[in-house]
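Two complexes are shown next, each including subunit A; its partner changes from subunit B in the first to subunit C in the second.
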Partner chain A sequence: MKAAAWICLLLPLASTLAITLGGTALSRRTAGWISTLTTFGAFVAAAVAFFQMLGESASERTHVTTSWTWLSAGQYHFGFSLLVDQLSVMMMLIVAGVGGLIIAYSLGYMDGEDEERRYFAYMSLFVFSMLLLVEGANLLLLLAGWGMVGLSSYLLIGFYQERHSAIAAAKKAFIMNAFGDATFALALFLLVEHTGSLDYSSVFAAAPHGGTVANLIALGLLGGAVAKSAQIPLHTWLPDAMEGPTPVSALIHAATMVTAGVYLIVRCHPLFENAYFIQDTAAALGALTLLMAGLIALVQVDIKRVIAYSTMSQIGYMFVAAGIGTYANAMFHLMTHAFFKALLFLAAGIVIHAVAGEQDIRKLAGVGKLMPRTKAFFVVGSLALVAIFPFSGFFSKDPILAAALQRGWFGITLYVIGMTGAFLTGLYAFRLFFIVFTGEPSSFVREHHHAHHGQEGPVSMMATVGVLAVLATIAGFLQWAPLWTPLTKWLDPVAPPLVEATSAQEWATSGVGITIGLAGIGLAWLLYSAKRIRVPRALPVLEHKFYWDEAYDVLWYRSSDLVSRGLYAFVERPLIGGSLVAVGRGFSLAGRDVGRLQTGLVRSYALALAGGLAVLVVIFLAVR
Partner chain B sequence: MHGPDIQWYVILSALLFTTGALGVLLRRSPLIILLSVEIMLNASNLLLIAFSRLHGSEDGQVFAISVMAVAASEVVVGLGLIVAMGRRNIELDVDKLRTLRG
Partner chain C sequence: MSWLTTILILLPIGGALLVAIAPLSSYGLGSLAALVSLIEVAVWITAVGKFDFGNPSLQLSQQVSWFADLHVSYYVGVYAFSLWIVGMTVVVMAACVIYGWWVGRDRGRAYFALMLMLTGAIVGVFTAQDLILFYAFFEAMLIPLYILIGVWGGPGRLRATQLFVIYTVVGSLLMLAAIIVYGLQEGTFNLTEMGPSSSTWLFLGFVVAFAIKSPLFPLHGWLPETYRESPPEVSAVLSGVVSKAGLYGLLRIVIPKFPGPVHDWRIVLLVLASISLVYGALLAFRAPDFRGVVMYSSLSQAGLIVLGLFAGNDLGFDGAVLQIVNHGLISASLFLIAGMVERRCSTGELRLLGGMARGRPALATVVMAVGVIALAVPLSTAFAGEFLILAGVFQQGWWWGVIGAAAMVLAAMYMLRAISGVLHQDVGPAVPDSALDLRLGELAVVVPLLVCLLGLSAWPNLISGHAFGGNHAQSVIAKGLP
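What follows is the complex of A and B.
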């Protein structure tokens, strides 16, 4: 078990090092295969750990293994320790499994790209960082992984480094994540001060209950989670992050990294339960995000950005789940979302790959006729996203809303928002599907579509998307509340739920959820496929994404710009610049006067010397 | 101990030093100024030797010899400068050398 955990963690690191050090000695193909196989190796190791854990009783499934003391400062010691328990093994399986599939997909997608090796080295680095994040046995290692996934995300968003927009997006993502990292680190300082440790078990045992400190700790952690998971108000980086290659969007900005915030809340749930107000805030932010992202997704015209907004929206559901304390459902939705969102992104990637990199859905219209299999994959992903039975989203999304009903008025508000979000999901998901995949191919598509050797895409791409399509279809049957709930039972020792929906609530929510989802799909069909209703003009507030970017621009950039201009005009130029000029002029004038003393007459110098000496002698004698 | 008392030596030395200092301050020829400087140096040498004899220690004599050596080198440089001035037909008058006036 412990060996498996270490192998799982270190294989991707070995791959990064091998590809980086190997340099041009490795062919591009080899680099891709090294990355793919090590990630699958990590998945196998995670699976081994999982099966070993299955053989143990529920109470002894937590294993901590320390390799060495990583940091020591005074009486504080932090080990380089891994924690393998029910929660981390689940995350290991998701990260390594989905990661392996997506890196395998990249073999085809990135083929012929310049600097493929760099890409695969970064991807392996990301997988390593993410595994460190989920396997670390103390908050310090979690923070280290947290920062490193941010770094790999930055590197991969900016992968096309000759594109200006990619560099800008990478910097934006990094800065917003750094803000979250900072609040996260502040929370850790408070924890060290008040508990003297950062190991999960001792922190949770000694953490302060209620009061300002507990609230501040939870707030700091929430800040980190919100930044990483692209929730309001730190969400604006995620849509821009779509500048990266499509598999990166699938792996980092949909399936794994952005869900790290959900993992953090579930992992640290005792700290959030000590500050219930902050936990409710998490749920409220999730609800706001899911609604807002759903609305914005309605008017986006970039295929990847629509999916990016749907990612924000789905993570909003997970935040609602984590915020009201139905942790297993949050993790379950995280898992199914990883499958179907990776599927959607990768299917979109096949389309983008086939039409020379075009992403505008108005130009892509009707491409489905030329790519029937991709169309099938996309419809599976969309149905799972809209949570239609029997696709996986159905099993994971509705229990979240059902559980919300246990929380009184707050819960009912969340429920209504969640259902509105479900309607929007149906509408935007199938708007995308109907525009891009149904109808006659547009002239752009006819002109630019290239089949790959008579296929829709390379084998590596079609096969991995196929696997994800199967997973997105069947993975939901892992848990069907209230009929069978193995996942809830599995996670119960780590994160026992705070609320549990009754059977009646589960069934009712499922019924309402499907109806509303279908209503959304139906409206999308009327609008975009049958065209019975004219599509209304997009509201400017949606096209400007609720003015978040503009607000941040005014709040941070323009205001500081204004302040610095003011300081320049009223302080720098008159006071600092002016005073320096005055000092210089003063010395110049003084120098001109003092210069008169320099007569050039040697004898006057000698007289001054003798006179000075005489004065000194007199003083010396007088003072003595 | 034979010879005059120490105060006579001091008085003679003071007279010599004043002569030299006045020569430096009042005369304009660099040659004479050099000579006057030598007189000032010798005034101090006289004091060194007188006190050395008074205290019965050789330190003052050692210093006097050092001063002579320094004075000799100084004269070499000074005379060299004066010869160079003469070769370039520069008038031997220190008041005319005022290039360094501020």
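What follows is the complex of A and C.
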């Protein structure tokens, strides 16, 4: 178990180092294969850990190994410790598995791209960081992984480094996440002060129940979670992050990293349960985000941004789940979402790859006719996203809302919002599908579409997307509440649910959910395929994404720039720099030319030393 | 009784004398100086091998009476924390000497002799256990710097030297006066024997002197001109190593010897440190050139370290020592990188730079790696230091932690701006197509520093857990560092 955990963590790091140090000695292709194989190696290690764990009884499945003391001061010790338990092994499988598929896909997608090696080094660095995040056995390592995934995300969003928009988006993502890291760190300072440790077990045992401190701790962690998972109010970086290559969007900004906030809440659920109000806030923020993102997605014209808003929206559901305490459902939705969202992004990537990088859906109209397989993949992903039986989203999304019904009026509000969101999901997902994949190809598509050796895309791309399509179709059957619930049982020792829906609530919610989803799809059909209804003009508030970007620009970027300029103009230059100019002139009076200046300096120096010293000694002696 | 510390001080000084007289070409003198600075690193490693990290008291010490009637002696030795700071010093100095050699500074004889002299003096500052000796080394450290800036600096070097001299003279005077009076009151200048003093005036004399050196707001007036006009490797020494003399002084003299005034003035110092932290970060955000970003970030980092020192608990002290070492390595690397960029583009102005990553993978990797460590990305050693310091000062009052956390965000803003300004987007007008990737000589200078930083990132506890022997900084310091 210990060996498997370390191999899983270190293989991707070794890949990063090998590709970085190898430089041009490695061919581009080799770099890609190193990255792919090490990630699959990590997946195998995670699978080994999983099967070993299957053979153990439920109470013995937590394994902590400390390898060295990473940091210490006085009585505080923070070890470099790995934790493998039911929750982390699940995350390891998702991260390494989906990661391996997406990196394999990149072999085809990034082929011929400049600086492929750098891309694969970054991808491996990301996988390492994400595994550190989920395997860390204390909150400091969690924060370390947290920051490192932020770094890899920054590097990959800004991969096309001569593009202004890409670099701007990368910086924005990093800085918004730095906000989250800062509140996260503050929560850790409080925990260090009040519990003396950051190891999960001791923190959960010693953390204060209720009261201001408990609330602040949970609030700080929630700040980190909303920044990483792009939830209100720190969500604006995610759509811009689509500047990165498409597989990056699939891996980091859909399947794995952005769901880290959900993992954090589930992992630290005792801290959130000590602060009910904050946990409810998490659910409320998730509900608001899912609604807002669904609305914005309706008017986006960039294929990747539509999917990005849908990601925000789906993570909103996971936050609702984690916030009301149905942790296994949050993790289940995290898993199925990883499959179907990666599928959607990668299918979109095949299209983008085939039409010379175009992403505007108005130009892409009708491309489905030329790409029937991709169209089929996309429809599978979309149906899973809208949660239509028997695709995976159906099994994971509805139980979240069903569980909300256990939470009184608050829960009913969440339920209504969630169902509204489901309608919006059907509408925006199939708006995208109908516009891009049905109808006659646009002139742009006819002109720019080029088949790849008679195929829709390279084998590495089509095969990995095929695997994801299968997963998106069947993975849901892992758990069908209330018929069978192995995942809930699996996670029960780590994160026992606070609420459980009754069987009737489950069935009713499924019925309502499917009807509403189909209604959304139907409306999309009327609007964008059959065109029976004219598409209304988009509201300005939606086109401006509720003005968040504008607000942050004024509140943070412009204001810090203004303060910075003000400080320079009114403090640094006149007071600090200028105060001694006068004295300096006095010195240089001694010498207009260099030769005299130097003697002048030495003489003044000696004089000042002797005279000043005498005066000071007298003063010091006199006052004491 | 051990000669090791004395060897650490005298080896570079002897090397300086040798360089001054050896009948070699400029290149030969450079190789000699580089060799001496590398042997110095080897001596330091030997010293680490002989050091007992479980023991909090002075080790590898040597005492020889000097002016017996004044109770002044040649007394040197190292504590665990000073050993780490000395280690950072010799590594950074070696990198800077080798860089000067690689660049081929003119008037090599004087240049390399001064650089080696400087090395010996700085090691002396960090190891002297007698206040008069400490002062002597402190001054001996400044004189080579005046000349290095004044002779090898940029076009504005004279004004820069003036400002630097004025500030340091004021600081030195205050310190010397405080040393004399404190020594007379105690009847000895032996730091290990001097008892605590409650004199506010003496305390302030030391604090002002060290705050100028560190520097701390508002005593940083010398910093912009000096760091901008010096040769890059001298800026690297100034901000990486020399500034640490001020922080070391706070740790070795002010905090253990003036417990009363430290208690009374804690808030003032924490406020000044917080202002430095935020003010430096904000100014770094608008600095027009790469060096400007680095120097104001140094001001910011000095503020952070002072926060740790005056947090007054184990977390703060261990974090501060770790961060002193981190910042020394980071700041030196960044200034050297600035020099490498300036050599290629003959300017460091960010609006004229950009797009250098394309086709220059080594430069891009180094700038990015050092840059993200400098902004304290979690898992880096800088993050570890910052975390300990802020967790420590948080226990003095949550607001200090909040200010520090806000500064973390600002650090990300200014550092990313500087990285992108050099590496990304359009190729700047000052970047010639012929600008090469880092050469082997440059990599040989900066990669070892980066390796140190990465190694420490894997195990920052090497320093934080081994800085005060027995690992209880607060109690060791409360005893006055016997």
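Keep this in mind: the second predicted complex is superposed on the first by the 556 of 624 C-alpha atoms of A that agree within 3 Å, B and C clash if a C-alpha of one lies under 4 Å from a C-alpha of the other, contacts with A are read in each partner's own complex, and residues count from 1 in each chain.
The rule is simple: a contact is a pair of C-beta atoms (placed from the backbone, for glycine too) under 8 Å apart; a residue touches a chain by one contact, two chains touch by 3 or more.
The shown structure was predicted, so the numbers you read here are calculated from the model rather than taken from an experiment.
*Asks:* Kindly classify A:570 by the partners it touches after superposition: subunit B alone (first), subunit C alone (second), both, or neither?
*Replies:* Neither partner.
*Asks:* Please work out whether A:484 is in contact with subunit B alone, subunit C alone, both, or neither, and reply first, second, both or neither.
*Replies:* The answer is neither, since A:484 touches no partner chain.
*Asks:* After lining up the shared chain so the two structures overlap, which partner does A:162 touch, if you call subunit B first and subunit C second: first, second, both or neither?
*Replies:* In the superposition, A:162 touches subunit C alone.
*Asks:* Contact-wise, after the overlay, does A:607 reach subunit B, subunit C, both or neither (first, second, both, neither)?
*Replies:* In the superposition, A:607 touches subunit B alone.
*Asks:* In the three-chain superposition, say which chain, subunit B or subunit C, touches more residues of subunit A.
*Replies:* Result: the larger residue contact count on subunit A belongs to C.
*Asks:* Examine A:182 and indicate which partner it touches, taking first as subunit B and second as subunit C; both and neither are also allowed.
*Replies:* In the superposition, A:182 touches subunit C alone.
*Asks:* Let me test your reading of the model: by the given contact rule, A:619 touches which partner, first (subunit B), second (subunit C), both or neither?
*Replies:* It touches subunit C, and subunit B stays clear.
*Asks:* Which positions of subunit A sit in both the subunit B and the subunit C interface?
*Replies:* The overlap between the subunit B and subunit C interfaces on subunit A comprises residues 594, 597, 601.
*Asks:* State the interface residues of subunit A toward subunit B in the complex, per the touch definition above.
*Replies:* Listed in rising order, the residues of subunit A that touch subunit B are 594-603, 606-607, 610.
*Asks:* Please give the residue numbers of subunit C that touch subunit A in the complex, ascending.
*Replies:* Interface residues on the subunit C side: 158-159, 162-163, 165-167, 169, 172-174, 176-178, 180-181, 184-185, 199, 201-202, 205, 218, 220-222, 224-225, 279, 282-283, 285-286, 313-315, 317-319, 355, 357-358, 361, 365, 368, 372, 377-379, 383-384, 387-388, 390-392, 394-395, 398, 401-402, 405-406, 408-410, 412-413, 416-417, 420, 423-427, 459-461, 464-465, 471-474.
*Asks:* Residues of subunit A touching subunit C in their complex?
*Replies:* Per the touch definition, subunit A meets subunit C at residues 20, 23, 68-76, 118, 132, 140, 143-148, 150-151, 154-155, 158, 161-164, 167, 171, 174-175, 178-179, 181-183, 185-186, 188-190, 192-193, 560-561, 563-565, 567-568, 571-572, 575-577, 579-580, 583-584, 587-588, 594, 597, 601, 605, 608-609, 612-613, 616-617, 619-621, 623-624.
*Asks:* Once bound in the complex, which stretches of subunit B touch subunit A?
*Replies:* Where subunit B meets subunit A, its residues are 21, 24-26, 28, 94-95, 97-102.
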